[in-house]
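In what comes next, chain A is part of two complexes: it sits with chain B in the first one and with chain C in the second one.
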Partner chain A sequence: MTASHEIETLLRETAEKLLREKKVNLFLGYEKASLPFRTAPLFLTAPEDAQRLAWNPFCSANLAVYLPRLFKAPADAREAALAAPPTVGMVLKGCDARSVVALIQERQLQREKLVLVGVACPGMVDMLKAQRAVRGCEVLGAGEDAQGNVRAVVEDGTEVTLRRAEILADACQECRTPMPSIRDIMLGTAVENKDTGVARQRTAEFGSKPLDARWACFQAMLSKCIRCNACRQACPMCYCKDCLLDQTRPKWVSAGSDISDVTIYHLVRAFHMAGRCTQCGACARACPVGIDARLLARKLSQEVEDLYGYRPGEGIEATPPLSTFAMDDPQEFLTEPSLIPAPYHPAGEAQQGGRAQ
Partner chain B sequence: MSQTQSVQQAASEKGWEPRIVAFLCNWCSYAGADLAGVSRIQYPHNIRIIRVPCSGRINPAFLLRALQNGADGVLVSGCHPGDCHYISGNLVARRRFSLLKDLLQYVGIEPERVQFTWVSASEGGRFAAIVEKVVEQVRHLGPNRKLVKTL
Partner chain C sequence: MTEKRISHTDLEGLLGRLGERGDVFAPGKDEGGDVVLMGPRHDGPVALDYRNFRLSPKAFLLPQNQTLIRFEDGKAQEPSVPDRETFLFGVRPCDARAMSALDKVFLEADPPDPYYAQLRAKTAVIALACTQPVSSCFCTSVGGGPGDGAGADVLAVELESELLLRPRTAKGEEVLAFLGDLLTEATPAAVKEADERIRAAEDRIAPVKIDDSVQRLGHAYDSPLWEAAGQKCLGCGICSFLCPTCHCFDITDEVRGGTGRRVRTWDCCAFPLFTLHASGHNPRPTPKERWRQRVMHKFRYAVENFEQVFCVGCGRCVRNCPAGMDLRTLLKTIGA
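And now, the complex of A and B:
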């Protein structure tokens, strides 16, 4: 795999060239942020600023979230005449590419207006995990060593090495396609896509608990939620202009952090993501109180894959599973009337007769 | 004593009656429920019917909202596959409901709280049997305390 600093150099050259040759009006990338273990999104318009672009183990944000608003449909003919959609260049990892594909599928982006600069992603660092790994020490700066591990300078000036594999974000540990599936330009060498099986293992782990334990666990997690909607804002697939959760007539989900409202919020949002979520981990990363919103999305993704053989963000031509149907879709979940005797009592409790007596 | 009466009696002893909200499609299931009534088929009176144009009209938020507002169970019924008045509304809904049921079970809500079925306009008997089954299952589970909003 190509080292990060080489990719960084290539990336700066590429962005500079694209902007100078007017192939793009805007280039989306990352720049160094003021805090360690972080990067900030960078919106480049001038070729001479390309030196600000960064590529390091902290480029975790999903830049696809900014795209739908750039390609927003004009309100009327006058607005359409004033502003043509821009041509946007963008650096993208495997997960960003999945989001871009899903957005093109849903007709939120115009493929011909995008110049996609792909990088094979070695997995990005989770800021919280990294902070935990330095055991609460103040970190003055962080970088990457030759092996791809993270080196951090802590408050007393000593340097510590954090093994990358241990501080990878959850979503990156589960990632099956670190190679961007669509790209116009590829920087560095390719990596192989492979299924680590971690996602299924995590789903199975939660799913194997008894029903009430699952509920207790779920509620304990959600009790921290402050309904800031950061998970929704960070999500590239949450682009609805009028979100169901914001509607007041009728009000489907009340505002406020009452536990039942919070639960409904997360269930509705997860359900809206069914068959669309590209597992980029933006929601979990955005959460200020550490809720793993991916718990539900992960389960639904696997369910969609098992039932309908569909993986979001992997083919522009594919039809999202919930916008279509098959005559022979599985329907074992349906309730059938029970004639004598009803078999639903697991404890073998004697059943009172059938229906017609 | 009919079964309905015996069920009512048993429930009044416990002092709690399940409340089931039923979302029925206009073209098949609502007519099926109507037929059950016209044919004087007895079934538990625990359901409150909401008529919707098609099972494809039902947003999962409707069902969650019903449970939040105090329903002990939700029943959704549409036309049999192939019979939809809008050709494919129930087929699109089928995928949705299948995932919703899995999701709710995954987070720890009893699967019997949310039930889906098909009832055609000529199946009054089937409708009554379904309602009996759903009411009985929800009665067995007890009141819905998980999603309901308490102030």
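And now, the complex of A and C:
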């Protein structure tokens, strides 16, 4: 795999050229943030600013979240005449590419207005895991060594090496397609996509707990929620103009953090993500109180995969299950809950057992 | 009343004594290993090795969900007022200072906010001076400091083997008098050690050049930087909800038939709904205007209204922004 600093050089050259030749109006990338273990999104318009672009183990944000805003449908003819949609260049990893594909499929983006610069992703660092690995020491700076591990300088001046594999984000450990499935330009060498099996393993591990224990886990996790909406706002697939959770007439969910409202909030999001979530991990990364919203989203994605053989964002030609219908679609889940044999396994006895009458 | 001291080993006893009078919250490790303001506590170790809590303690005075009125069978009832005292031990000076800012909004208003006033009157804050600031801290640039006692009733300073307790208010003196026999008089050496520790912490906090940002903001309403900030902002409420001074709220009635409640919940200027009019018009239609409001409110309007910047430099918004935005960077450059 190509080293990060080489990718960074290539990326700067590519972005500079795209902007200088006016192939794009805007280039979306990452730049160094003021604190270690993270980067900030960078909206580049001037070719000479391309030197600010960074490529390092902390480029975890899914920049696809910004795209629907840039391609927002004009409110009226006047607005449409004023501003044509921009041409946007963007650096993207496997997960970002999955989101871009899903957004194109959902008609939120115009493919011809995008110049996609792909990088085979070695997996990005989870900021919290990195901070825990230095045991809460204040980190003055962090970078990458020749092996792709993270070198951090802590407050007393000592340098520590954090093995990348151990501080990778959960979503990155589970990632099956680190290669961007859609791209116009590829930087560095390709990597082979392979299923690590980690996602299934984690779901199975949680699923093996008794029902009471699972419920207790959810309640404990959700009781920490402060309803800041960060999981929704960081999600590229949450682009609804008027979110159900924000509606006031009628008001479906209270704005507060009472457990019933919080539970509804997270269930609504999870259900709206079934067959759409690209498993980028943006929700978990954004959460200020450590809620893993992926726990539900991952399980629902696996259900959709088992039922329809569909993986969101992995192929632009595939048809998302929510936008199609076939006479032989499995529909056991339409069954009255009381008729579902417990425990419900989509691949197991449920498929013979509980058809709706 | 003069300063007192207590040995580290007697701290649990001190909190136990306070527990006889009210609910005590003190730093403790949660299941994830994070130190949070935990309670009401009974016994067990107090964790003193923390920088600051992930969430600000403002929720003790301004709960995220606060029932103002209950409706039953069509009749309104005031909810019962808490009669137990609350003791908050280990609040950092930045967060205590934020409470003094909230006091200006809710207590010095005419009329004062009764819901806030009830909770504030029943709460005693024993702040713990900061000895381990982090790089995102900037309290010294916004009028505070690691040994600042504003908003606190008692300021505690952790020394080598004991804690120095400095009363800051009449309530603080009363609390120390109540703890009387557990405490000993502070020695000049202890006072000296406390001052040295606070000074050492102060030296570790990098100053941010923002003392003239209040003036600069006066002619920065149309700055292009708002657009740049709004472009990156995801529109979540992390910065507001974690901020110890943000205090905007919404009030809604949750009623079914004649039964329900009127509830006050935290609100946030980054949310599209915040200024949405019933007509559908929104005077702050994009993140650009919302970001400008957030900064202007804290650093300009608050100064005009309360003669105080509504930022205490705790750094939570800097540490937790999912878009990696740093308020300090904007403040340094805006209107310059």
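The rule is short, and it goes like this: the second predicted complex is superposed on the first by the 330 of 357 C-alpha atoms of A that agree within 3 Å, B and C clash if a C-alpha of one lies under 4 Å from a C-alpha of the other, contacts with A are read in each partner's own complex, and residues count from 1 in each chain.
We take it that a residue touches a chain if its C-beta (ideal position, glycine included) is under 8 Å from a C-beta of that chain, and two chains touch if they have at least 3 such contacts.
Computed from a predicted model, the values in this text were never measured in an experiment.
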item	value
More chain A residues in contact - chain B or chain C	B
Touched partner set for A:Pro41, first chain B, second chain C, both or neither	second
Partner chain(s) touched by A:Lys299 [first = chain B, second = chain C, both, neither]	first
Partner chain(s) touched by A:Arg285 [first = chain B, second = chain C, both, neither]	second
Contacts of A:Leu211 with chain B and chain C, given as first, second, both or neither	first
Touching partner for A:Asp258 - first (chain B), second (chain C), both, neither	both
First, second, both or neither for A:Ser181, with chain B first and chain C second	neither
Shared chain A surface residues [contacts with chain B and with chain C]	254, 258
Chain C-touching residues of chain A, taken from the complex the two chains share	33-35, 38-41, 43, 61, 65-66, 132, 136, 138, 140, 226-230, 232-234, 246, 248, 251, 254-258, 282, 285-286, 288-290
Chain C to chain A touching residues, read off their complex	32-34, 51, 54-55, 64-65, 132, 134-136, 228, 231-232, 234-238, 240-242, 250, 252, 254, 263, 265-268, 271-273, 318-320, 322-326, 328-329
For the chain A and chain B complex, residues of the former touching the latter	206-207, 211-218, 244, 252-254, 258, 260-261, 263-264, 267-268, 270-271, 274-275, 296, 299-300, 303-304, 307-308, 321-327, 329-331, 333-339, 342, 344-345, 353, 355, 357
List of chain B residues in touch with chain A within their complex	2-3, 59-61, 64-65, 68, 75, 81-82, 88, 91-92, 94-110, 112, 115-118, 126, 128-130, 132-134, 136-137, 140, 146-150
